[in-house]
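First chain written, first letter: the chains are A, B, C and D, and each begins at residue 1.
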Amino acid sequence: MTPDCRCNIAARAARELEDGQVTNLGAGIPMLVANYIPAGIDVVIQAENGITGVGPVSPPGTEDPDRRNAGNLFVTLLPGGCYFDTATSFAMIRGGRVAATMLGTLQVDGDGNIANYEMPGRKIGMGGAMDLVAGARTVYVLTEHCAKDGSAKLVARCTLPLTGAGECDVIITERALFRRRPEGGFALEEVACGHTLEEIAACTEMTYTVADEVKLDAY
Amino acid sequence: MALNKMIPIEEAVARVESGMTLALGGFLGQGVPLTLIRALKARPVHDLVIWSNDGGYGDDGVVELVKAGMVRELHCCHIGYTPAVGRAVEAGDLELEWVPQGNLIEMLRCGGAGLGGFLTPVGVGTAVEEGHQKVTVNGRTYLWERAVRADVAFVRAHAGDIVGNLCFRGTARNYNTTVATCADYVIAEVEHAYSAGELDPEKVHAPGVFVDAVVRADVSYCGVRR
Amino acid sequence: MTPDCRCNIAARAARELEDGQVTNLGAGIPMLVANYIPAGIDVVIQAENGITGVGPVSPPGTEDPDRRNAGNLFVTLLPGGCYFDTATSFAMIRGGRVAATMLGTLQVDGDGNIANYEMPGRKIGMGGAMDLVAGARTVYVLTEHCAKDGSAKLVARCTLPLTGAGECDVIITERALFRRRPEGGFALEEVACGHTLEEIAACTEMTYTVADEVKLDAY
Amino acid sequence: MALNKMIPIEEAVARVESGMTLALGGFLGQGVPLTLIRALKARPVHDLVIWSNDGGYGDDGVVELVKAGMVRELHCCHIGYTPAVGRAVEAGDLELEWVPQGNLIEMLRCGGAGLGGFLTPVGVGTAVEEGHQKVTVNGRTYLWERAVRADVAFVRAHAGDIVGNLCFRGTARNYNTTVATCADYVIAEVEHAYSAGELDPEKVHAPGVFVDAVVRADVSYCGVRR
């Protein structure tokens, strides 16, 4: 997984966001999405510790210990942003005011199950992810297509503890974009530059269909 | 973040339709969204289900909508200062549900926060028990109370910016912060309007993310001249 | 019921309050208690709309529409007081941070039942009273001993809708003070100046015992 | 209102006894009551049951109490930044309950607010379901979650007055407002201390009524120099 791949995922994901949308970006690749939001699109970034209007990371020397995001990074605050307590933050999230959440994962499967907080011998914790996938209107999983050891992350069935059952709506990797159909199941809608339908099929254990209108060289 | 939520008040109240559930901020005469309530009186809507602390104060507030025959149900905890509301209930023109004040604000908070209900120790052994399931936890008896969400909410703030961040003054805060969370469409009337970035982000009492529309408040509606 | 009687009740009630106690005073006689708090005793008055440190009523010409108590009266704010929303106010009340609540009543009985929000043909509403009697550590009922028509308010059994079941701890009238015993039931502890044990017995339908240490001419 | 709640930190942390439940404000490195946590390390207490957002950040926070062998149970949602906490769990030295972040803060709010529990949509279909009753309301499935109260709570504020009113800065607010309500004895460490009446009453984020003791915070414990 090169930095280029991560950026490619983030850039494609950024194009999903609509003007005025309140969006929560998880740690890792999702956090990069903020750098790729198209001009003219105002996205309100929310972080679950208790801040909206999260701007770019603070330039060195301007870090304020009391202005950080949920990943503990020093950030800036855009005009119109504000602070609130964590209880209010989750009222916002569960109450339906967060339009989109983008998060990384360890595994995701064709039923929309997401597993991202614990693996054998390594307890990380779900943080706000369980609340976000249950509360946000659209849930995006942004992930490398395969794990470092080459094994599938888009699996036939999640084997790790679930963060959310059936909550994933869109999966974006450096190779492909899958979107859940209203009737259930994911459809492969886009294949990234340099990849082929056959190659996607070979590295994806998750069940999916290929959309009639599938785009090749899409991003 | 420059999304401008300021719209004409007529456009805002046009979101209210007959039969809808409407939640109102305010406490007796304090922080009541009277500008919105009065603009609503010009709309041909009826059978409203209203959640509010009270029936208003004197001739102001919910009582105005009741007198105009626009309200089917009122869920509140006090109508002692608005005899006209009591008369409408006695006459069978208005359905009243008494909800203890703390349960009332918590039901709205619960709905706004996407929760499904809560256990309250308040009302046990009273008429409020009726229709409520009793649950004992660690030896204490609670009533199971439901979460409430409204279709539209009206709140009033001292200051607001174009993205809907709201600041309140003194006891005019009351229900307004919570009511601003509990509806699918939240309208705030603001006494003073600002651009994005003009309000101190530490002093925002209700984040703009909860608010859908901002209108100008009539500042003559405040009980006492400032 | 003369103004003197009301003041007498308030003055006696004020002597119940301890230094540093957070107290909620209901409309009517309880509101007068603030005028009688002994020197050297700092009582924090809380009003359920969302204010602590409530001071005396605002002098004419200084009323602020945004600074009122739960009875909608214009009040002042003492140093150390602050504002909060109603949800927080009731967290305070139910959470056990309000030591004492003093409220008026229509009826009260020997089981500590209180009825103060509705009578035939007149719906008033419980406001925050149900929450206060359930949440406050000590519940004081401050009331005229008898109703205007001479009928008992300290009744054998409340017939009006209850505000609280078994919640009353102390009853203070212009004639007497009754305190609930740990084992249940009220004891007559004090008789006010100008009244006798026999007279109290004649105008009180509520069952009570006379304390061994009953004080005559107590206030 | 002039009641002075400022006391020496040793006196404040002496309230914590072995086996007690302790709730902590803070979120990773933000607004963490490190002064109180470090003062507590000098006390001979063990078997603490801790409710906190996380295990700390790097070497700071809850992880310090875990390494000192003072903690029996930790209820939190993240230990990813404190491998030592994970190792204590794997070794069987520390009992861990995973609680989703929003459920966690709501459990503490519920306890602080004198409620008995609530229905949450979060955790349905996951391992969090275990030991939780499922309830369906209006077609949506919820888990019944309990209220939590602590014996003692530690919070950290930017400014506080002698009666315990607290003001926070930026995202250091996080859990602190809620944790300040959820314990029988609440101790606040404040970076700046004021007399009663010096803080703007509109800007108080946590009313002093909830706070029992105020101590001075060590301002060097803030992650980055100001």
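In this text, a residue touches a chain if its C-beta (ideal position, glycine included) is under 8 Å from a C-beta of that chain, and two chains touch if they have at least 3 such contacts.
Owing to the predicted nature of the structure, the values given are computational and were not obtained by experimental measurement.
Asker: Does A-B or A-D have more contacting C-beta pairs?
Answerer: A-D
Asker: From subunit A, which chain is the farthest off, judged by mean CA positions?
Answerer: Result for max centroid distance from subunit A is chain C.
Asker: Calculate how many whole Å lie between the centre of subunit A and the centre of subunit B, each centre taken as the average of the chain's C-alpha atoms.
Answerer: Centres of subunit A and subunit B (C-alpha means) sit 35 Å apart.
Asker: Just curious, how far off is subunit C from subunit A if you go by their C-alpha centres, in Å?
Answerer: 56
Asker: Just curious, how far off is subunit D from subunit B if you go by their C-alpha centres, in Å?
Answerer: Measuring from centre to centre gives 31 Å for this pair.
Asker: Distance between subunit A and subunit D based on Cα centroids, please, to the nearest Å.
Answerer: 29
Asker: Counting only residues that touch at least two other chains, what does the list for subunit D look like?
Answerer: 106, 109, 113-115, 120-121, 168-170, 201-202, in rising order.
Asker: Can you list the subunit C residues in contact with two or more other chains?
Answerer: Subunit C, residues with two or more chain partners: 83-84, 90, 93-94, 135.
Asker: Would you identify the shape of the chain contact graph, picking one of line, ring, star, complete or other?
Answerer: other
Asker: Just spell out which pairs of chains touch, all of them.
Answerer: A-B, A-D, B-C, B-D, C-D
Asker: How about subunit D: which of its residues touch subunit B in the complex?
Answerer: Against subunit B, subunit D makes touches at 106, 110, 113-121, 135, 137, 140, 142, 146-147, 167-170, 201-203.
Asker: How about subunit D: which of its residues touch subunit C in the complex?
Answerer: 1-3, 109, 112-115, 161-163, 165, 181, 195-197, 199, 201-202, 204, 207-210
Asker: Touching residues of subunit B toward subunit C in the complex: what are they?
Answerer: Subunit B residues touching subunit C: 27-31, 53-54, 57, 76-81, 86, 89-90, 96, 98, 100-103, 105-106, 109, 120-128, 158, 168-178, 205, 222-224, 226.
Asker: Which bits of subunit A are touching subunit D when the two form their complex?
Answerer: 47-51, 63-72, 74, 83-87, 89-90, 93-94, 117-118, 121-131, 134-135, 161-166
Asker: Which of the residues in subunit C come into contact with subunit D in the complex?
Answerer: Those in contact with subunit D are residues 19-20, 22, 42, 44, 46, 52-53, 77-84, 88, 90-98, 135.
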